[in-house]
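Paired with chain B in one complex and with chain C in the other, chain A is shared by the two complexes that follow.
And then the complex of A and B:
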């Protein structure tokens, strides 16, 4: 069986600074994975590398059969992809542009997701509240048909009701065999959705475990995560 | 549904379906919702639902029919045994707690009977 993601001996430096060290990680198809770590631990950097947005690393990153950055870009839907978009654009324009740029972008899915999440097509990006910007990122990311979805802190600054709608969107729109990686520093946002958790600490993978195996030991995923940091979440 | 974050979720879903059968929300022979629908209703992932259903099928509480879906068994003996197991688990917990208070079985019985009578009277007044 093809793995959704296989990373071997990944090392990444930028501006004379070591950002990731000896990362080894394998994720199977069809799972929801929590990428947990403190701010600055390297979660976003790792996602950018997997998505092909950052290059010049040492080691190997394989998504399905795709090895090089260009091939990976076609298989990975990363929530950071609209970060460079013109803030004057309207929500609808974002979708039209992506539909032209990406063969796997489904406009129909995007409009349905916007309805479900309560996003107005006519709003300009810069006028969206922080919560609505998060929703837009999610809607765009889930509207692609990819093997691997990378959602970077999708619930940051999101209220409880919106979170519920977002969780449902994730469950409803992710293709059956796709694997989703969701990064978060508040485990409780996504806890009940996860097959497994990957803990990233001090720029490398500190642990990987099945969520229900952790609970079978009488521990919550949150307690498990906190045990790596001794209550101090600042790296 | 609210989950206990220290108990495996697949196990809590098993218990949830057991309870639906006991209270009659699901009758013998009823089809249970599709995996994806259950995942959305309970906001958990599809693999967790599949693991819970596989466990219930292994226990004979659900029966899988190829291409049709999953159904509650019509074997009433299996369902009666499941109900007894669920009730016993509740009783076991109460029993342990009362033992911990130093009560004898005879005292427990008397206390339970008295409590049931009090509840009956109170509920009658409500």
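And then the complex of A and C:
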């Protein structure tokens, strides 16, 4: 089976601080993976490195067959892509521009996702509520035909109904062979979605396990995750 | 992969839109001035003077707006996550800026010439002779200097980002501001060295220093003796812009990362 993501000996340092140390991680195709960790553990940093937002690292990151940064960007759809759009723009304008810039961006999918999530395409970005801004992130990310999707804390601060709508769209829109990595520290939100769990602790990968194996041991994913922290989730 | 043309086209449209807004403000003021002239509140010379001043302000504002847009490209995911090589992204941004600013200058120029002609400060044969001789290379020098300044701004910005990444994260914003100030000083020193180098080259190549100035260029152009030197000057300033751009592309590819924004929600 081709690997969706292969990271070897990844080290990343910034502001005189080691942010990731000796990260080794391999993810297969077609799985939904929970990247779980406490605040400041390095989840967002790891996603930024995979996506290509952060560049100055040691080690190697490969997405599918793509090793160099440009090829990797063509294979990864990151929820941070929306950062940098003019807040005065309307939702529809964002999609139009991305469709011009990204060969794999499906405008039709975006509009259908907007309908599914109840997102008004004529609304200006700055006028969107917190929940709707999260939905926009999700819609933009899932509208690409990528090998690897990176969703960075998509449900943070989102109410239950919005969360359900977003979870449904993830299940419906994630391409079968694609791998989805969802980072979160509220495990209950995503527990039922996950095929695999990766725990990041103290700036490195602390564990990687199949969700079914965890459940077979009589544990919930949340209990499994919490066992690494002993109740203290501030890293 | 995204092609250079796709990136350039989207950038050019956005920058064009930005400058159209500035042009709209300029036109609104010009219309008010024309109305004042029609009702006799403004003399012909005042109309031409004020519209020229507005055109200059608009051109400077356009330069600043383009620089700002360019700097945002280097640090936002929106642009940096497009699957295109960094040097292509840099080139696309610079060319989009160039096209937009040149179009702005052309529109402002046509407007100014139109108003001046209507007010009897007409364009006679000498202007076209100037255009063929001194004015064209002069405009090319202005454009080359504009490119040089944009690349210098990018260099100062990128260096401040790279150096900040090496400093402890706990340092406050004042340290970063101080650092930016020092980088600007260093950048200005770099320009000083660049010009010293150019002066040395000018002397060695026997180029008239008048080639760098409109007055000198224009006057001497009538004598038909300095135009070639002016084009050489254009080449040298452009070379400076290219050298800085190569450094910027290197920094962009290996060191400059996007801002980690607080999630917008």
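Keep in mind that, in the parts below, the second predicted complex is superposed on the first by the 235 of 235 C-alpha atoms of A that agree within 3 Å, B and C clash if a C-alpha of one lies under 4 Å from a C-alpha of the other, contacts with A are read in each partner's own complex, and residues count from 1 in each chain.
In this text, a residue touches a chain if its C-beta (ideal position, glycine included) is under 8 Å from a C-beta of that chain, and two chains touch if they have at least 3 such contacts.
Model, not experiment: these values are computed from the prediction.
On the superposed chain A, the two partners chain B and chain C both fit, without a clash. By the touch criterion defined above, A:167 reaches chain B but does not reach chain C.
When the two complexes are overlaid on their common chain A, residue A:53 makes contact with chain C while staying clear of chain B. Look at A:220: by the touch rule set out above, it reaches chain B but stays clear of chain C. Once the two complexes are overlaid on the shared chain, A:195 sits against chain B while remaining clear of chain C. In the overlay built on the shared chain, the residue A:30 is in contact with chain B alone; chain C does not reach it.
Once the two complexes are laid over each other on the shared chain, residue contacts for A:176 go to chain B alone; chain C is not touched. Once the two complexes are overlaid on the shared chain, A:108 sits clear of chain B and of chain C alike. The three-chain arrangement built by superposing both structures on chain A places chain B and chain C 160° apart around the Cα centre of chain A, to the nearest 10. Once chain A of one complex is fitted onto chain A of the other, the partner contacts of A:130 are limited to chain C, with no touch recorded for chain B. Applying the stated contact rule after C-alpha superposition, one finds that A:159 touches neither chain B nor chain C.
Counting the residues of chain A that each partner touches, chain B and chain C differ, and the larger count belongs to C. Superposition on chain A leaves chain B and chain C with their closest Cα atoms 25 Å from each other. Touched by chain B in one complex and by chain C in the other is not one residue of chain A.
Contact residues on chain A toward chain B in their complex (touch as defined above): 30-32, 164, 167-168, 171-172, 176, 188, 191-195, 211-213, 215-216, 218-222.
If you check the complex, the residues on chain C that touch chain A are 1-2, 6-7, 9-10, 72, 75-85, 164-169, 253-261, 263-265.
Remark: chain B residues 3, 5-11, 36, 39-40, 43-48, 51 touch chain A in the complex. Against chain C, the residues of chain A that register as touching in their complex are 14-17, 44, 48, 51-56, 70-71, 73-74, 78, 80-85, 87, 97, 100-103, 125, 128-134, 137, 152-153, 156-157.
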